[in-house]
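Dropping the structure in here first, questions after.
By written order: A, B, C and D. Residues from 1 in each chain.
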Amino acid sequence: MAITKADVIKFLERAADLLRQNRDYLTQLDSAIGDADHGINMDRGFTKIMASLDSVKDKDIGSILKACSMALVSSVGGAAGPLYGTAFMYAAKVLDKKEEITPEELYQALRSALEGIQARGKAVEGEKTMVDAIAPALRAFEEKLQAGASLKEILQAAVQAAEEGVKNTIPMKATKGRASYLGERSIGHQDPGATSSYLLFKAMLDVVEEKGG
Amino acid sequence: MAITKADVIKFLERAADLLRQNRDYLTQLDSAIGDADHGINMDRGFTKIMASLDSVKDKDIGSILKACSMALVSSVGGAAGPLYGTAFMYAAKVLDKKEEITPEELYQALRSALEGIQARGKAVEGEKTMVDAIAPALRAFEEKLQAGASLKEILQAAVQAAEEGVKNTIPMKATKGRASYLGERSIGHQDPGATSSYLLFKAMLDVVEEKGG
Amino acid sequence: MKKLINKPENVVKESLEGLGLAWPELIKVNLEPRYVYRADAPVKGKVAVISGGGSGHEPMHVGFVGVGMLDAACPGEVFTSPTPDQMYEAAKKVDGGAGILFIVKNYSGDIMNFEMAADMLKGEGVKVESVVINDDVAVENSLYTQGRRGVGTTVLAEKICGAAAERGYSLEKVAALCRKVNDWGRSMGMALTPCTVPAAGKPTFELAEDEMEIGIGIHGEPGRQRMKLKSADEVTEMLAEAVIEDLPFKAGDEVLAFVNSMGGTPDIELYIVYRKLHQILESKGIKVARKLVGRYITSLEMQGVSITLLKLDDELKELWDAPVKTPGLRWGI
Amino acid sequence: MKKLINKPENVVKESLEGLGLAWPELIKVNLEPRYVYRADAPVKGKVAVISGGGSGHEPMHVGFVGVGMLDAACPGEVFTSPTPDQMYEAAKKVDGGAGILFIVKNYSGDIMNFEMAADMLKGEGVKVESVVINDDVAVENSLYTQGRRGVGTTVLAEKICGAAAERGYSLEKVAALCRKVNDWGRSMGMALTPCTVPAAGKPTFELAEDEMEIGIGIHGEPGRQRMKLKSADEVTEMLAEAVIEDLPFKAGDEVLAFVNSMGGTPDIELYIVYRKLHQILESKGIKVARKLVGRYITSLEMQGVSITLLKLDDELKELWDAPVKTPGLRWGI
């Protein structure tokens, strides 16, 4: 089943909703090992995306994601702004000119997004960052994809892996981002960025489940 | 029964004790309608008096009280410093060269002290200041003195009048001193300076009672 | 009580020692009795401007000693007037032969202690003029009371009179100028939180989480009214209206607008208040010709703000702009 | 949350508006995107020095724009790095043709956002150098982590590099100077109380009535250690020792000693800390050649203090003394 432009827009709306609902939760996670703004930052970014959708929603998916990237980069700030902004930019490149995308193309776009995050932030898995949610989610995605699963099954597996990835950040000692200043004291806390990444996967799944695909 | 130099010194010691014991109480009274320092100020002043007694205790009563005045003026600050400093200075003038004093002389000294306070602070009765404790105390003093009462009886009456004077400051609206800035809001609070004046009369009485006079 | 101090009874002394160690090129600190004075005092032929008052309002007054402002400042204990011997000794030290101006805030303690010092000095033939600052519109003015408290205008008077003295104004002229500044200046303050006098160990008053005190004094004295917390714009309106209508400041007037932190309120909030004040003044046709925004007359760590307006003429503008070099206020040199 | 604000989401905007209204002779404020720049920008032929970071640290950075310091500052939301378009637009506005120096504090967000801006500018042929300040000894330095945070030395670097740019140093020389300042500067801070990000509405952390946090970050990030409250002298010793032994500063060195309030700590306490710091340095034969005491890099209303030491040579002393005229730091003009 192909993913339409309308689905992409629904995903962005759902993500904005989820981030709004989890604004305080993400901020609270960030207050334990960071500076108490991650939920506020993400909410501000996706609010900006919503505001800028109108002018691009008739263009191709690549253009829409590029506009999202610009909105994030110019409104989120902090670490999350450049990271998610770069992720959307890299995904947009893969989906340039597309009006519809296949699960395989979605996978390529997500891979590219992760590459963008790692090019920008230089983090690898195990450093207690969003990478620790995204990387396992993409492995699960690829596995299910190759096994010929439905998009819904693929995303269910990805969300579950992301969720586990988030949990796995708890015992980690941060070596990237603001939490790394805490050294040992960062251990025992869940990474806010990994959590927001999980929510983005969740938003994709919600849209697909609602569509009944 | 005459008041000796030793009695004067005992009075100063007893006053220092009482003010130390009531330091927080006076400060708390001052925090309601002033700046929360009256107890601290009085304690600092009488501690300074104690420290300076050694060098003057062999001189006459007038000289001792003059030294007290200097100690108060140069250590208390605020309103209470000049007021009590002037009071001791005026009392000292009356008791110049004396090695012993009669109740009548004590009365003259206290009257002079009150004059000093009023010359310095321009307050009359009813303005919610120390004058409201001292003036009635002196009226009671004079009455008993003229009735031929003992010093102990005289001071008991003075202390009781001072205590009533203190209570009477509660419903007054302050028109002098820091509390006057409060206008109507000064009503309902007891004046700290009147309270410390009462304690000074109490210290005199304690010494006389202890002496068994 | 959470403070970076050693013993409560040493706060003033140690802080003065630190001030002296930090600014040897500008000031000297005398500890017994306590006063801070210009390192190059006495300046021959110059009127010496002296102020003082309780500690805890820093930079006022000790932080305003230096070139173009105060010749000496006499700090009392925290929130307690200094004693006459401090002003007496300070005056003797900085007297350049042209006389002494005492700038005194209108608190009975300050008045009486400065008066005693002035009497002592006059007794020795020193020329002394005292000017009392009483600019706080939060307090009802009345012939029958102590009158208004001296607050924000004090800072402006010290700067302007210091500049005048530096330019060679006579004692009479500096004193007259100081009275003019006092006549033309009005202030009002408010508090979000109380402050704690170190020796007392607990807050001077209490405010609920949703309350503020309007018309607070700089010693944490209760103000005009306790009320529910309002927005910065509403608070600014309340303070500005009371200040403006008191003089009154009128369309066409030029003013110095002074937004002051009580200590704990940070710049980011001060400038939100300044913004609204500026808008209010402009809307009334009052021109902001000069401004001062920051912490200048504080109440320890109290959070809150005060607004002072001073009407300006050419003389005041020129003296305000004149060079000043003190730990707490500096420009032009 | 008790603050003089209107709406949390308008704090930064309204505060910038106030800053612009207060200082029209010095700075201009651009709101979309947000940056503050010298009123006389671009200065032809001069290297433009730009910094930025989250708001809430005022006067740093927006209060340091003016003559002899920053050409522009880019304020993010409170405690949140600014976005690349802010630095990009600011650089375009103040570029005098001699290149741009970005002074960046070492936080991943700041690094990435400034990096993106630099990439955009370089793509258009603008010469950009970035220097990262990482002077906080509270954080273990390691090749395998983000490294140390940028704190107090940032203020000193902005002053010194601003003076150098004003004197006509080339971009390469200003950047090299900035690296030298960073290499020679070390800091550590502590907190008595937390602060509240307006949008969050509650304190970033909690401290019991008898606790303090040593090694706190300027965004309220937890520090090295939470411990029982100690005296000012003990706290000063702890901070000073950590700072001194890190470079290490040695007998015979000349230093700039910088005692900074986290925002809510008043002058009277700062000078108690300065006193002890000065005594410690003297006892080790380290000469205090310059000092800075006050609120310069803050964390909103947080109570606490930080100590920064900067080793000085003749060049740094001369540039430190050079005239500066900004809302937050001013002398010589």
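Here is the rule we go by: a contact is a pair of C-beta atoms (placed from the backbone, for glycine too) under 8 Å apart; a residue touches a chain by one contact, two chains touch by 3 or more.
These numbers were taken from a predicted model, which means no experiment stands behind them.
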Per the touch definition, the chains contacting both chain A and chain C are D
Setting chain C aside and leaving every other chain in place, the chains that still touch fall into A, D | B
Distance in whole angstrom between the CA centres of chain C and chain D is 29
The distance between the C-alpha centres of chain B and chain C, rounded to whole Å, is 32
Cα centroid separation, chain A vs chain B, in Å, comes to 76
By the touch definition above, chain C meets two or more other chains at residues 78
Contact graph of the chains (line, ring, star, complete, other): line
Chains touch one another in the pairs A-D, B-C, C-D
In their shared complex, chain B is touched by residues of chain C numbered 33, 54, 76-85, 107-109, 112-113, 115-116, 136, 138-140, 144-146, 148-149, 197, 199-200, 204-205, 217, 219-222
Chain C partner, complex, touching residues on chain B are 27, 31, 33-37, 40-41, 44, 73-83, 85, 120-121, 174-178, 180-183, 185
In the complex, chain C touches chain D at residues 2-6, 11-12, 14-19, 21-22, 55-56, 58-59, 63, 78, 192-193, 209, 212, 229, 231-233, 235, 263-276, 278-279, 291, 293, 295, 298, 300-301, 303-305, 325, 327-328, 330-333
